Amino acid sequence: MKTHTDKSTLVEELLADIENFKIAHNCDRLVMVWWGSTEIYHEAQEVHSSLAKFEEGLRTNDPDIAPSMMYAYAALKSGVPFAMGAPNLCLDIPALEELALLTNTPIAGKDFKTGQTLMKTIVAPGLRARALGVRGWFSINILGNRDGLVLDVPENFKTKEVSKGNVLDGILNGEQNPELWGDIHHKVRIEYYPPLGDNKEGWDNIDIFGWMGYQMQIKINFLCRDSILAAPIVLDLALFLDLAKRAELAGIQEWLSFYWKAPQTLPELEPIHDLFKQLEKLENTLRYLMGEELITNLGMDYYQNVEEDASY
Amino acid sequence: MKTHTDKSTLVEELLADIENFKIAHNCDRLVMVWWGSTEIYHEAQEVHSSLAKFEEGLRTNDPDIAPSMMYAYAALKSGVPFAMGAPNLCLDIPALEELALLTNTPIAGKDFKTGQTLMKTIVAPGLRARALGVRGWFSINILGNRDGLVLDVPENFKTKEVSKGNVLDGILNGEQNPELWGDIHHKVRIEYYPPLGDNKEGWDNIDIFGWMGYQMQIKINFLCRDSILAAPIVLDLALFLDLAKRAELAGIQEWLSFYWKAPQTLPELEPIHDLFKQLEKLENTLRYLMGEELITNLGMDYYQNVEEDASY
Amino acid sequence: MKTHTDKSTLVEELLADIENFKIAHNCDRLVMVWWGSTEIYHEAQEVHSSLAKFEEGLRTNDPDIAPSMMYAYAALKSGVPFAMGAPNLCLDIPALEELALLTNTPIAGKDFKTGQTLMKTIVAPGLRARALGVRGWFSINILGNRDGLVLDVPENFKTKEVSKGNVLDGILNGEQNPELWGDIHHKVRIEYYPPLGDNKEGWDNIDIFGWMGYQMQIKINFLCRDSILAAPIVLDLALFLDLAKRAELAGIQEWLSFYWKAPQTLPELEPIHDLFKQLEKLENTLRYLMGEELITNLGMDYYQNVEEDASY
Amino acid sequence: MKTHTDKSTLVEELLADIENFKIAHNCDRLVMVWWGSTEIYHEAQEVHSSLAKFEEGLRTNDPDIAPSMMYAYAALKSGVPFAMGAPNLCLDIPALEELALLTNTPIAGKDFKTGQTLMKTIVAPGLRARALGVRGWFSINILGNRDGLVLDVPENFKTKEVSKGNVLDGILNGEQNPELWGDIHHKVRIEYYPPLGDNKEGWDNIDIFGWMGYQMQIKINFLCRDSILAAPIVLDLALFLDLAKRAELAGIQEWLSFYWKAPQTLPELEPIHDLFKQLEKLENTLRYLMGEELITNLGMDYYQNVEEDASY
């Protein structure tokens, strides 16, 4: 815990911590993953718009520089890949994107995709695949630990709500298919409910419609535990960000979208939220890096076999 | 409704029906889709093992030739593509596969993937993607119409049970990952429950485990209607089987696996059950037929853009 | 709709409306049931503390006199029994209780018990009967019509929350049984969700514990419609309040607790929330009024039969 | 475990066991509660119709005398109160009822009311109270231990099904209210599902209708554990059967109906299944035995208070 309030000094200390950790543990390479609580909601400001302005802000103690941004800054400055597991505005500001490219450091975020949003990006692609219309999607999460307590504060929940809210629109494209997905009432609620302790439950009510507008419903109750679903993500990210660093992939690691509620992309691109497209992106990128053939699931070799195999 | 009991005569009548329908409605091309009830359980016999033996069986009124096989025979003989929407043993016998190739006719089956199995092939790939172990999957379906009544007869349910049972094994490969999926208790029940009328409900209880073996559960209640979920499948299949015929793709249309609970494949191949792989297979095959580039979701162009775009 | 803003004048008009309605429809007796939306939250003030102060408040246009109070005042002044179907502070103020006794008029309230609270007062007595402990009860209601819209306004929801909140404490007495019910986390949420239209859904998650503290859960999804559950309550109340008037039962009709989320009682008494005690109260009061023997469900006549019947 | 196959000898051994247990543990009084697995289905036969025929059957090794009947016989012969926790045909045969009266011994059964049936006798009285019609009630239980394995055998399930089936008819009287409850499709299923281990889950889908026939649904998922819900029942029964013995209440203890899925009654009487009537029966019987006033929940003292208390 840092007790100084001068942001430049704090960043200096973090840089020293990183260096000392590397020496103390005799590490060749490091990766840093933020797995802390959700910070209060910030919107991007002038101070975030370039590296120069950000560094000026550190010197002037700008209140819009959040703690997580200082950690990310220190990591990137040290050439250490950084991943943002919370929904904080952090890596997704021009200042830090600029720094990542400058130091050839991979970055990835944000907000680990576990629990209810994970389920949402599994089920929504299925509805899209079968062209089932969606009238509404009501999601409630009850959780009992400090995470729930933090999110019971409206300023913090706002950060989370924005991060969770875009998932459906990204998968069920209302502009392309206004009849099916142009008017989805998507509502997400998180409630602090101590009896669950470290467990968490999601209840989703999905109002869909099929052929001739016939209304149907899907209800999903997911009894899970955040830490259990998040732990392997942290491990994967540590390995893959290190791989990215060695493969000289600098900046935004969009091929790691698989792990995020709000995958970071270039400003002009839309994030991919469909878990299965994300998985294919991950797997085919790994195949590419290994020099292997990409999987397309094309079925035509089937008929070539048939033709070649006269004995069939 | 045919009243003769002599199978050769019945097939002759079906052939005439097809021809007369084509003339009466002034059709250039036809497609036939079986959307009838589930027949009693048949296992493949000698009579199904070749076209010659099958035609001999028609002449000798072999009891192992089911009504649906006669419809399929008549269609294929007439060069009309045929799809099997029920879980009946029908197209998936060597005799009819042989006839399909002989008359250059596409075939596709079997058992429309709607309701609970559709949901299963949406959710299971998500569990596989995240390497979540599965201890058990209990599925119950309650339905109120004639379909439920027919499936309340054990001989008919057996046909359905076999068709539905392999879906999970195909997605969660226990041989490759025995620790995660080597011991899944998968149980499927269908119950006739008249109050639902033409509606249907599935309730799934899925017992999963994550990091450190921690146990979690997913419960899904799907309030749906079979006919609504099946109708667009029939339409798609009519269009795609006609396309296959014109594209000279004869025999098993494995690229249409997307629509089936038990996709028909060559005997030496495993069917693909993952809805998203099936969808990609469908879409990339269509792209291939149109001469378009296949989608791989590879993310590497991302970094090439970054390098090219110096102003970033 | 009354357009005057002078409360004395408004009440005069309501008194005239009641009189004119009675003449126009040739009625001997009337009953008035309030079935409007929830008003904003009011707490009892000086103006509500006696009939004299309330009438003074009408003359001075006191802002703490809500519209529903004026309707109730006019009804009671006319000797017309009045029931309050919304959670508004209205009949449950000393001023109107005083007026009811003065004019020998029955009153009953408040907040029709339908949907989730109905289910709660069915299930909680079952848990109490079997001495099952309760760690938490999380209730969420989603509804799509104007009722949901009104309750999305925090000032209105506050009125409802207070009305709904005491139900559990009344049934699961934490003071008598602190080990079982002394620390219940009871949380109630109502969310406006337009896709449901006039329908409503409740989802309850109940965390219970049994022998040796073993934790178990009950989850209830109630797909219902408020108007359908409320309509017969209105009819019953019209009949029973008229009966009460004829039986000369003036003031609070506590024997009609069966119909209310927050049954009105004398200030020194606790309301009964257990649906089955409420039902017995209703039925035994009717038996009493008819001069019939009360039902006690005592089982001792069983053994007297046994003794008398020597041939057994 | 007894290894003899001669039923007279087995009973002699049981009588000796009881006597020896009493001496060894220095007990004044004993109670015996059967908490074993479900036996195969038996229907009442000639051998069960009187004590004389039953004792003749013991001598001739009649196959219709089940093991549990021999335990009950030995207990009653010894004057030890006996409770039947399984759904076995046992105490509810004239032979043992006769023996109970002969030795002034209380008996009570059968089939501990836990889990899904407990929930059913909580919820159904609520539907009856509010005159909500019921079109269907579908109940499925999944359980993973030996109890589930035993009930997977159709002959054993039959015993259970009969015991569970009458609960609804007893509460929702279709003869009195054919419009509301004259045509209920009640279906109960139990499935062996090992992943749950000693836990159990019930899923109920209840199709109800209200005002104007409007259809609604209630879905209940109960995650519980049989042993936890049954253990306190065993303890209560031991205490109350001993009390009954001391209070000289011989034969069927109908006032203990509260604990049973299929409460034993005199042949000419209908069992009470409503949990709340059962509870009142239990509590008022205890009050009667203690010489206290019975509770009727009558509300009339309310108005007498009002009249007497002029200062109100």
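All chains are identified by letter, namely A, B, C and D, in their written order; residue positions are counted from 1 within each chain.
Heads up, the rule we're going with is that a residue touches a chain if its C-beta (ideal position, glycine included) is under 8 Å from a C-beta of that chain, and two chains touch if they have at least 3 such contacts.
Please read these numbers as outputs of a predicted model, since none were measured by experiment.
Participant: If chain C and chain D share one sequence, what is the angle of the rotation that overlays their CA atoms, in steps of 5 degrees?
Facilitator: Rotating chain C by 180 degrees superposes it on chain D.
Participant: Could you grab the centroid distance between chain A and chain B? Build each centroid from C-alpha atoms only and quote it in angstrom.
Facilitator: 35
Participant: Just how far, in Å, is the C-alpha centre of chain C from the one of chain A?
Facilitator: Averaging C-alpha atoms per chain gives centres 47 Å apart.
Participant: Between chain A and chain D, what is the gap in Å from one C-alpha centre to the other?
Facilitator: 54
Participant: Chain D: which residues touch two or more other chains?
Facilitator: Within chain D, the residues that touch at least two other chains are 219, 221.
Participant: Let me make sure I understand the interfaces: which chain pairs count as touching?
Facilitator: By the stated definition, chains touch in these pairs: A-B, A-C, B-D, C-D.
Participant: Applying the document's contact rule, which stretches of chain B touch chain D when the two form their complex?
Facilitator: Checking each residue of chain B against chain D gives 135-136, 138, 140, 142, 185, 187, 189, 191, 193-196, 201, 203, 205, 207, 219, 221.
Participant: Name, in rising order, each residue of chain D that touches chain C in their complex.
Facilitator: Residues 101, 118-119, 122-123, 125-126, 129-131, 210-212, 214, 216-225, 227-229, 231-232, 249-252, 254-255, 258, 266, 272, 275-277, 279-281, 284-285, 288, 294-300, 302-303, 305-306, 312.
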